[in-house]
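I've put the structures underneath this note.
The same chain A turns up in both complexes below, where it pairs with chain B and then with chain C.
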Partner chain A sequence: MVKSYKPKRLEEALQIIKNEDCILFAGGTDLMVNRKIYFDDKNSDKKVLFLSSIEELKDISSDSNYIEIGSMTTLCSVEKNNLIPEALREAAKSMASPSIRNIATIGGNICNASPAGDTLPYLYAAQATLVLESIEGSREVYIGDFIKGPRKKDIKKHEILTKIKIPLKEYDIWEFRKVGTRKSTALSKLSFTGLAKKKDGILEDIRLSFGAVGPTVVRCRDYENKIIEIGKDIKIPEIIDMYSSIITPIDDQRSTAYYRKEVALSLLSNFLLKL
Partner chain B sequence: MENKIKFILNGEEVEVLCSPVKRLLDVLRDDFNLSGAKEGCGKGECGACSVLIDGKLINSCLYPAQMAEGKEVLTIEGLKKSRIFEILSESFIDAGAVQCGFCTPGMIMASYALLRKNPNPTEEDIREGLSGNLCRCTGYNMIIEAVKMAAKRGEGLW
Partner chain C sequence: MGRDIALSIRRDDAIAKISGEAKYTCDVKFENMLYGKTLRSKIARGKIKSIKYPSLPEGYYIVDKDDVPKPNKLKILKSDMSVFAQDVVNYVGEPIALVVGEDKEIIDNILSKIEVEYENIQPILTLEEGLNTKEPIYGDNNLFADYVVEKGDINEVKNRASYVYEGEYETGYQEQFYLETQGIIADFKDGKITIYGSMQCPYYIKNALLDFFKADSDKIRVVQLTTGGGFGGKEDYPSLIAAQAAAASIKCKRPVKIVYDRDEDIEFTTKRHPSKIKLKSYLDDNFKVIGMEADIILDGGAYASLSEVVLQRAMFAISGVYNIENLYVKGRAVATNKAISGAFRGFGAPQAFFAIEIHMEHIAKKFNLNPLDFKINNLIKRGDKSSTGGTFRDEIKLKEMIKRAEIMSSYNEKKSRFKEERKEGKLKGIGMSLFFHGGGFTGSGERDHIKAKVKLLKKIDETVEILISNVEMGQGAMTTSRKIVAYTLNIPIEKVIFENPDTDRVPDSGPTVASRTTVVVGELLREAAEELKNRWNENETLIVEADYKYPEGYEWDGDKFKGDAYTSYSFGVNVVEVEVDSITYESTIKNVYAVYDIGQAIDERIVKGQIDGGIVQGLGYAGIEVMENKEGRFLQRTSSDYIIPTSKDVPYIYSELLCEPFKYGPYGAKALGELTFVGSPPAYALSVEDALGLEISNIPVRPENILEVLRHGK
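Take a look at the complex of A and B:
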């Protein structure tokens, strides 16, 4: 039988996981689907720590440098909060269905570390960092370094992802596109996020990321810098060629490698046309 | 380990002794004999198990019993006692929005969750509000029609 904890304060939760191995339960929309694997009742030492009663993990705030989103913020709150950048709100809105978004959390989406997690491409592009806390202290890590592969992440047993920090930056051109089988309750075949800033006709910044076309989100800062360097004279086919070498999707039940790559590159090309 | 979990079910305080990760859907059906919420997919994709928790639409197949502790759970059986249900039910009948009926309790709960937040929804709002609920008979247009009808008939009630 499963033993559970439902602390009301973060400190209490950190104390519990310092001493005991627990499955951290955020919204549970992925865990419950696979509950037979995670909560096999024959396995008597399974422990679950519910994070849903910890109000301090549900804050959204901003100062002049960052927007901070509590890890237990639901996708519904991400979608509706004006402090949150539009591209991320758009990503949240594209996910699952209203009833799932009412309980699924941004922290859960990150820690699930699925290549098709739809909040991830934006967070990579925006250079978001994650705050991981344990009873001994806290550390910050860039999301791209946190996620190591499908379902693999850099988190220790006694740590909890508490906050997502997004550097505040204005992008005048942005796009989030998700391609799924249908509009609602569909997992991504692929997704694209583009952010760009132009000043007086000159490209100052560009961030390009792709979801579900590799084991982790694809983003290449070298290529982005190259595009900024070339500036006005960018030739779209050359950029497409560059990205073609790093977009290496697979065939699976949701789509084919060929389709994913073609569409990802088309979305990129479409975004570059807007610059 | 079985936990004693207390919550408010359709307006009444109740208590259940079960595993903390038992699905709320199973608690409702097995422990309280409330069979309005149904299991379609068991993965949060079909909405047949929809109920409201603290006024928000959720899929009871994805919701662990422990998380319901201290919360207000409303199922179709609880809604049935209200004038709101009559309006929704009559509108669904009049619009021809019910065929086999398996999805209907979930559709009604999703419609109610939408209308209490947004009493004058546009067609797009309705489609979005019901986007987590599948129906394999009617083809949706009649259901959308029913919600529009209910919104009008229940003006001031939501």
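Take a look at the complex of A and C:
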């Protein structure tokens, strides 16, 4: 039998993991698939800490600077909550199936650190930061620094991801596009997120990110700044050329490198045409 | 029982399956039962030099080639496959041994410690390699079957043809993906082996085991448990698992259960044969196809299985619904070092119909003809000869069905409207396919090999039990069989009982395959019920039997492939409408319309279930189900990577029946289950072709391939 904990308070949970090495179990929709063994319920000796009873991790709130999303917010709640930016809601809606979205969490999607995690490209683009808490205190880290590679992340054994902070900013032009293997319950072949703000015909800000076309989400603030700087005069082919050098997908069982790159760049081009 | 047999009733098995009460093989536990897990080959081809087993804890066993009777060959049609690898392995995943014991974790642990040393042999992974190899896997020429079918005089036609058109078509793998994975329990007790499990053909297992263990008939018993889908995947393969589980039970003296994990099932069990088909058509001045040469190559995988009969069905279907008087059809099933290609809904016909339907469309385009007019101009009608020179004896309603499908789908209007919309950048397309399916076994299989027998048992309480070896696997056989008997006897349906077959109780009415259960077994049940009706007043327990009789006037020569390959044909017309995304080239299926001639519906809701399910499975085959093999291993081997359609991938399917009854089918019924699969792949491919203005000759039609073609023209 597996030893498990199901604390009701965050502090309790932090206390437990201070002393014991536990698997943090959010929705479990990735964890269960990764850990299954051939036809039975026996799993592993590692202890499991279920986060699902900790209500304080399910809050969604906003002030004048940030929207804060509790890490245990389900994808279904993300999809349906009006406080949450539409592009992220769209991303949540594109994921898995209704039953999975009812239990899968945004924190779980982040900590799974898959190159095909569909909430990630938006969070990169929106410059989201993550709040990691331990019994000693808390720290904040930009999501792009938190995720180090496929399945690799900057989290310590005694830390829990508690909140996702998204800087409050209106983007009047946005797009989220997932290209999956089918229309539901699909993993991404690639995804594209574009956010832009224009004022009086002038581009004030632009954020561009790509999922599943590299080991981690592809986003380049330097290129974005360049687009903003040059503004009107920039030619789309030049932007495509820039991005072409940093989009380096692979061939795998879901798609081809060629398709991923070409379609990612076409989606980018299509978004730029709308500006 | 009401007087309109087609009216739907509540299915017998519905409540247990929906509520979760139904017990599948995975749920069934016997006292003292052990579990078995398979040690599989890690290489595609080689010799086993040595196997080092770790020392086993008490109560754990290894079962391998040394535990089975010689020559360790399982008889499917041929006897080329070992139950446990003898000294060579021919595909990644070929079973070498079973590890058996009580605790699955310990079993896994033992498995991880077994060391197999191989001597690699260059594997054969493509059809080209298989056709040109100097180191055959099978026989001298590496072919499981090599046939020719001829009709008329193709050489004479070559001289007088005004036009010639040639094309090549390819189809890929498809995995059955039944909801319940493969599972068998074997229990050896007092010298008798009993097999329980998920299966389509209890007597196939019994016969394979009788041959394998050289046992007397009363020493092998096979009992079907609730079965969660088969689609052909549980036709031949359960015999292999049953032989392994039986060998384990004999050795361990306890019941042994083997249930496959989903990934194991996807990667290692049988699949649909990939195909490469070349067609060359000869046309006269009026664009009548007067002759055709066909070269059909199927990828059979590592062992013979059912490849020869799959190939036959593909060859006999290759001229489609068209009256082509001169044919030369060459067919080969090639051995390769990949998982075994076996039975799958349609059984060779989907590959053939994909090729011929695309071919006909491409001919029309090449010569600037309206494709549908061109097809109608070449359509078969009653009295015409089939590809094997048999006669289409019944009225063929295809023209009427096409008309109906045109009206239902607004085909012609959409065809021209979409052309305009495409100019504005909306990539919409529509495609139509015409097809048939021959009911029951190909050739004289029913008469010479199966010889089906059914029994009805009338009890004192005036209930009637159906005793047949056909199984309910989700397709509704339990309900339709009961309806036929209740309707014939004119008694309430509740009075007719159908239990899962047990070979100690039921006669061999044949396997649950080839869309034969209603048309062949159903007719025998009707005959038996007629007899029982006449003897209803004999006041005692009564058994009546009916045996298969080959319908009068039909002929078949199995050596020359001449005559009536089938006694009945069901027909279909499918229309598929898609919109292709102009950036990603993903297709969205907008509408599907279908018209079928199935003779007579035995239960309208079950028919609708087969129609919707068959069409969706065909759309998956043509669109998103990709299975590629690289260096002997499949790349798509989990349910997250091998993708089948969800409810979001298909729209509502509009379907209608337009039936010509079959004299020798129960109340006129003809084949249904496989027919519904055959038409949607070509209709889908043609709709994508229409949307993009490209020629599509291969399925699955992946967005990746479309992009390549658009950018590089190939």
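To be clear about the criterion, the second predicted complex is superposed on the first by the 265 of 275 C-alpha atoms of A that agree within 3 Å, B and C clash if a C-alpha of one lies under 4 Å from a C-alpha of the other, contacts with A are read in each partner's own complex, and residues count from 1 in each chain.
Following the convention adopted for this analysis, contacts are C-beta pairs under 8 Å (C-beta built on N, C-alpha and C of every residue); 3 or more make two chains touch, one makes a residue touch a chain.
Nothing here was measured: the structure is a model prediction, and the numbers come from that model.
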Looking at the superposed three-chain arrangement on chain A, would you call chain B and chain C a clash or a fit? clash
Touched partner set for A:Val263, first chain B, second chain C, both or neither: second
In the superposed arrangement, does A:Ser97 touch chain B (first), chain C (second), both or neither? both
Just checking: does A:Ser184 make contact with chain B only, chain C only, both, or neither of them? Give me first, second, both or neither. both
Determine, under the contact definition given at the top, whether A:Thr29 touches first (chain B), second (chain C), both, or neither. first
In the overlay, answer first, second, both or neither for which of chain B and chain C A:Arg254 touches. second
I'd like to know which partner A:Ser4 touches here: chain B for first, chain C for second, both or neither. first
Touching partner for A:Val141 - first (chain B), second (chain C), both, neither: neither
Which one of 9-17, 81-89 or 135-143 is the stretch of chain B that crashes into chain C? 135-143
Residues of chain A that sit at the chain B interface in one complex and at the chain C interface in the other, please. 33, 39, 97, 183-185
Residue set of chain A touching chain B in the complex reads 1-4, 6, 25, 28-29, 32-33, 35, 39, 41, 48, 50, 52, 96-100, 102-103, 183-185
Residues of chain B defined as touching chain A within the complex: 1-3, 19-21, 23, 42-45, 47, 50, 56-59, 61-64, 66-67, 69, 110, 113, 128-129, 131-133
Spell out the part of chain C that touches chain A in their complex, as residue ranges. 26, 35, 37, 104-105, 108, 259, 261, 264, 583-586, 588, 624, 628, 635-637, 640-641, 643, 645-649, 703-704, 707-708, 711
So in the complex, the part of chain A that touches chain C is made up of which residues? 33, 37-40, 42, 97, 177, 179, 181-187, 252-256, 258-259, 262-263, 266-267, 270
